[in-house]
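Next come two complexes, and both contain chain A; in the first it sits with chain B, in the second with chain C.
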Partner chain A sequence: MNKLTLFGGAVVLSTLLASTAMAQTELSMWYHGAGNPNELEVLDVIIDDFNGSQSDWNVVLEKFPQESYNESVVAAALAGNLPDIIDVDGPVMPNWAWAGYMAPLELSDGALDGFLPGAIGEWNGNIYSVGLWDAGLAIFARKSVLEANDIRVPTLDNPWNEAEFDALLLKLQATGDFDFAIDMGMAWTGEWYPYAFSPFLQSFGGDIMDRSTYKTAEGALNGDAAIAFGEWWQALFARDLSPGTSQDGADRGSGFLEGKYALQWNGNWAALPALEKFGDDMLFLPAPDFGNGPRIGAASWQFGVSASSENQDGASAFIEFAMQDKYLAQFSDAIGLIPATAAAAAMSKNYKSGGPLEVFFGLSENQATLRPVTPGYVVAALDFEKAMADIANGADVPDALDAAVDAINSDIEKNSGYGF
Partner chain B sequence: MSTPVRSKLSSATGAGWGMAAPVIGLLSLFLIFPFILAFALSFTNQRLISPNPTEFIGMRNFEQLLGLNVLIIEPERDGAGELVRNDAGEPAYPRVRTFTRNNPDYPQYQGMREWFAWNFRGDRIVFLASDVIFMRALTNTFLFVAVVAPVQGGLALLLALLINQKLRGINVYRAIYFMPVVVSIVVVSLLWRFIYDGNDGLLNNILSGLTFGAFKPVDWLGEYGTALGAIMGMSIWQAVGFHMVIWLSGLQTIPETLYEAADIEGATATQKFRYVTWPGLRNTAVLVLIVITMQAFALFAQIDVMTRGGPLDSTQTLVFQAVIRGYEKQDISGGSAISVILFLIVLSVSLLQRYLVRTKN
Partner chain C sequence: MAAVKPANRGVNLWLRYTLLTFVALIFIFPIVFMVVSSLKPDQQLLVDTGSLRAFLPVGDISLNNYFEAFERAPVGLFIFNSILITGVTVALSLFVCSFGAFSFAFLKWRGRDVILAIIIATLIVPFETIAIPMLLVVNNLPMVSSSGFKIGWLNSYQVQIVPFIADGLTIFLFVQYFRDLPRELIEAARIDGASWLQIYRRVIVPISGPVFATAAILKFLAMYNQYLWPLMVAQSEQYRPVMVGLQYFFQLNVAWGEVMAYLTVITLPVLVFYLFLQRAFIASIASTGIKG
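Right, the complex of A and B next:
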């Protein structure tokens, strides 16, 4: 009898203890970076700091591999099981917001002051997501190679133009020292294609779709500017200046470092190994100007709040907490990405004044162009990718672009204009 | 007197249904229900992700997939009525896109694209399709079936005849031939991607070794002309062991006495195959043929891993397009429509095969 009372008391006591620990409301959070210990370490620090800094919320992290992350979110949304906080790839955000998966953030006034435009996820007049970092693209080059071939080093204010770029590629190819003059990264199928290649199209004066209405791609993706872009693009591969769609993934990763490619179109995440290998010889050059200014893609992974969350205020509070400069700098130090504010850049190892990757902050600030901000982007991106691959493989340029335009327009029509 | 037995069985239907229930339930949930759903969705505009309500749109998905038209283009003439010739001296034709894109004179061609074309008596005859990718997928799939079904079935029979002998260690060969069947098709596809690699793949190395360097490396999966053939070869190799086992089971049901009788009659090996083995394999042949045909129509994993439909749509297939549209392009109704068309094709081909190999008595 006594034993039983004792046991009962223990049960009551443990329940009480548990419920005091549960005074913080649990916020579930999903993140796409499973298997990347460096960035998860920083995220864990932010979560621990946040959980310890107040008594209302307790964030619990769940990690997913990037390849299956988007599908997991869509499946969870269909099943009504979304977590409170999700992370989302910038260009995908409008699709999820439109579908009703995401709620606008409740940030305090001025929270976004000083953020790079690419790190702010705005759609339909609301802020749905914020990135702690942005990614930037540059032409990777070696000073010694350019000097040996009498090639001018371009600057942000004075980039290469189309004719100059074409001439130098032919020159580099003619040396015979390299398998290819430039590596565009055709092995990286998927989002890389629109992210890395549509800025060239924009520099020519075209676009993936007509941003004044977001209701058609006609004229933007198959107009004269786009056809000129397509012909330039096809000529790169027809003259074997760049490896084509059958490029080996391993070559994409190591080809520039091994000297197989004279130049490489690549992102800041690949910059640290290149710097380690070539040191002071390494250059990160701005994209060529094809007539409408040099452009690079903007927006990387960002944080947002799910619409089905019962604790949207808490989720927003966590995101605002994570937006502190010191965390932005820590993330940058851990994975080499561009901090989202100038203040954080100044605190980071690589992007501070005189830091080895400082140039990327300037590139991102000056040239970054968002991919079309519409729910239809996710499908348009696939059609654009197919057109780029087909043109590289020798398809008729206007026909391939027409095909992409038709596919994009038919998708917009099937979705009743995506709300535009 | 079977009546009492039957009544006893039928009186216990409750238990019978109960025992069948788990299987029927699972089959309904994962097979029959999705099947009916695909039919229903193909007549709507259902999206994977969308706040818009689902609407019934009748046959529009099918019209969009199957729309065909013919356009006859006359060569360009200058003011004097002379043919305009291009650099190669051939007559020049106006581009197809001038007829199919926003041309109010030809509303029937709006949004269509060239599928294939040829020149006939000075005019250019262009076959237009409203969904060229689907048409390519359709023809590729039929080509794949037409090659794989006979070749894989024939090779499997040959292997089965070879290993149906009483030799020492024959089981080792049976295991070797069967091995690719047990390995996941995704893994096999990844391995063959290395074998087919354009620079230093195994196949290129072997061929250049055999020809003392005269063979120039081919990018098997990266070239328009070789990609589908490469996938056919690999697919035949991968599943041939499975069908070999089915043939083998058929071979072993043929009574030994028939061969002994044939020996006594003095039949040659060819005659024994023609008059004893082949008639004895009749039912097995029907099974093998139908199974291979259905598997070949469902070609997906190899495409997804090795080429993703490229280069230039040379390896698009129906199932791959159904998946791409349904999931990646979030167009569940479009993917369902392709599935329904594929179902009707496989059904009619199977019925045709059943009819052609029916027993005539």
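Right, the complex of A and C next:
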């Protein structure tokens, strides 16, 4: 009798458990981190915690390699096969929202309080995506090199200006100790160009396109400020202050660490190896101010909800769950990127007060500038990249910028202004 | 005509072998570089690329990159998927395309030449131009699987196999080869009362080994190197082939040693397959003048 009762109880319990599991609606999620086990480990923890924290939703992850993630999403959108939750690179989000791939998030009031501006994906008055982290740029330098050459260490409040920056590059080059005074990272093609170099253009007073209308690049990318930027840019390469487009990818990765470059324009993801190599001698310096304030790029990968999802409330609920500071800090510890909130930064091992990368949070908070928030950015980014490479290779500056403006405007026109 | 002196013949031979060795090295060096680099840690690999050490297994040599590559990605699954998809496609393609080519080469039917011309014309259509229409077609095809009936073939093996069974190049290769076979063989078989199916199976197939080998190798390479189509249709990791898997290794900081280890592992099936059919492949090229 006891055995029968026990068996009966087990059957009832397992049925109840099964029915609880069955009651959970599956939420499909796509993520770009295939091949990056550290990153996926944290995401798995968040998914497990979310699935176990409520009985309505069960998130199932499908991971994709980053290199081909966007193509996979676009193909799935064509086939009407998008998942409930997608992640999206910040500057690409407006394009996907405009194309109808994404729906606005349904977040609680105050859910975004304290988030870095670069982690909030807002377009057309709606929040479409939220990042758990941001990425930041700095000039990598060695204290000993600056001191030996009597170069001032710039601060957030008092960055180098154009003349100062130019003079110190010439001084470092003249030492003969380095192959190049600064490495801008020309070997990293693709999104690196607009992410890393358009902030210089913005600091000069130009931009990739006119943000007041988002209907043209005329004036912004080929006006006086942009031409001044282009000439400065070209002079970097003409005077052999920086390796050009023929830079070897391996040198980009290890040149600064091996002492080939005195300075390097790089992101926080490359900071830990530099710290390991140079320890206390390592400095992460703010971008120079070319007249309109020092700027760095902003917006990294973010989570959003697909427009075709039948469970948008559940998808938003998962994203809001993932936005907890403890997960932001875990992600930061795992992949080295900047936590999206100050509270999470304080919990992280690298960005807490006194942490080795604390400076990047300040840089991101103070200097970060979003790339143009428009669906047309994805095409404009390619035209900007081409112009940067052409100018570095000696093209006539106004001609190269005019060509980029024509290409960007033509695309905007073809797409009827992208809704602006 | 003056005879070539033995001394001159020796010099000519020596020059010929020197040239051939040089050409062979050009082809072998990339493979040697790949295998040797797969054994080196990243930093050493990058430093060595600037010298001949890049082709020598010297320095800190280990299998660590292989272990790490297998940890980063389900390499075994990707290889299994590629071999399954490629193997099934090649087998079905050889049958279907040779059968079709047999009809084009030996049977007389209305519209035969027009249809063959259309099929050959498909050779100039890049796959990229038809990828999206194909995606929309396969996404609306019915499918019965273990989970029941559904519409859409995405995330399956068949979506990576069926669209590639028949193709213009393979049919063209068979047609060309079949047309060069002696017609007397066919006529003799017909006089003996053989059906067309018997002629295909008992006369044509047994003497067409070289073209089968050539078609198999070309098809194998094309299928094994598939990238765009599986990227579009295999959203689930379970069905991804090796070339999509290669992307797993291109993180922000590329682990080149692991890339080389992965490439070495996925190159092995291709090499084995080629070596297996090498003799017939060369015979086919020699007899038909068709270059792969």
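Operating definition for what follows: the second predicted complex is superposed on the first by the 399 of 420 C-alpha atoms of A that agree within 3 Å, B and C clash if a C-alpha of one lies under 4 Å from a C-alpha of the other, contacts with A are read in each partner's own complex, and residues count from 1 in each chain.
Going forward, a residue touches a chain if its C-beta (ideal position, glycine included) is under 8 Å from a C-beta of that chain, and two chains touch if they have at least 3 such contacts.
Bear in mind the structure is a predicted one, so any value in this text is a computation, not a measurement.
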First, second, both or neither for A:Asn393, with chain B first and chain C second: first
Partner chain(s) touched by A:Gly259 [first = chain B, second = chain C, both, neither]: neither
Which superposed partner A:Lys414 touches (first chain B, second chain C, both, neither): first
In the superposition, chain B vs chain C on chain A residues touched: B
Contacts of A:Ser72 with chain B and chain C, given as first, second, both or neither: second
Touching partner for A:Gly291 - first (chain B), second (chain C), both, neither: neither
Which of chain B and chain C A:Gly114 touches, first, second, both or neither: neither
Residues of chain A that lie at the interface with chain B and also at the interface with chain C: 71
Chain C-facing residues of chain A, complex: 30, 34-37, 62-68, 71-72, 75-76, 78-81, 249-250, 253-254, 269-270
Complex contact set, residues of chain A against chain B: 71, 74, 77, 95-96, 98-101, 189, 218, 244-246, 248, 378-379, 382, 389-390, 393-395, 398-399, 402-403, 406, 410-411, 414-416
In the complex with chain A, residue positions of chain C that touch it: 43, 46, 49, 71-73, 132, 135-136, 139, 152, 154, 231-233, 235-237, 244-245, 247-254
Parts of chain B lying in touch with chain A, wherever the complex brings them together: 45, 47-52, 64, 95-97, 101-102, 111, 113-114, 132-133, 197-199, 219, 221-222, 224, 308, 310-313, 324, 327-331
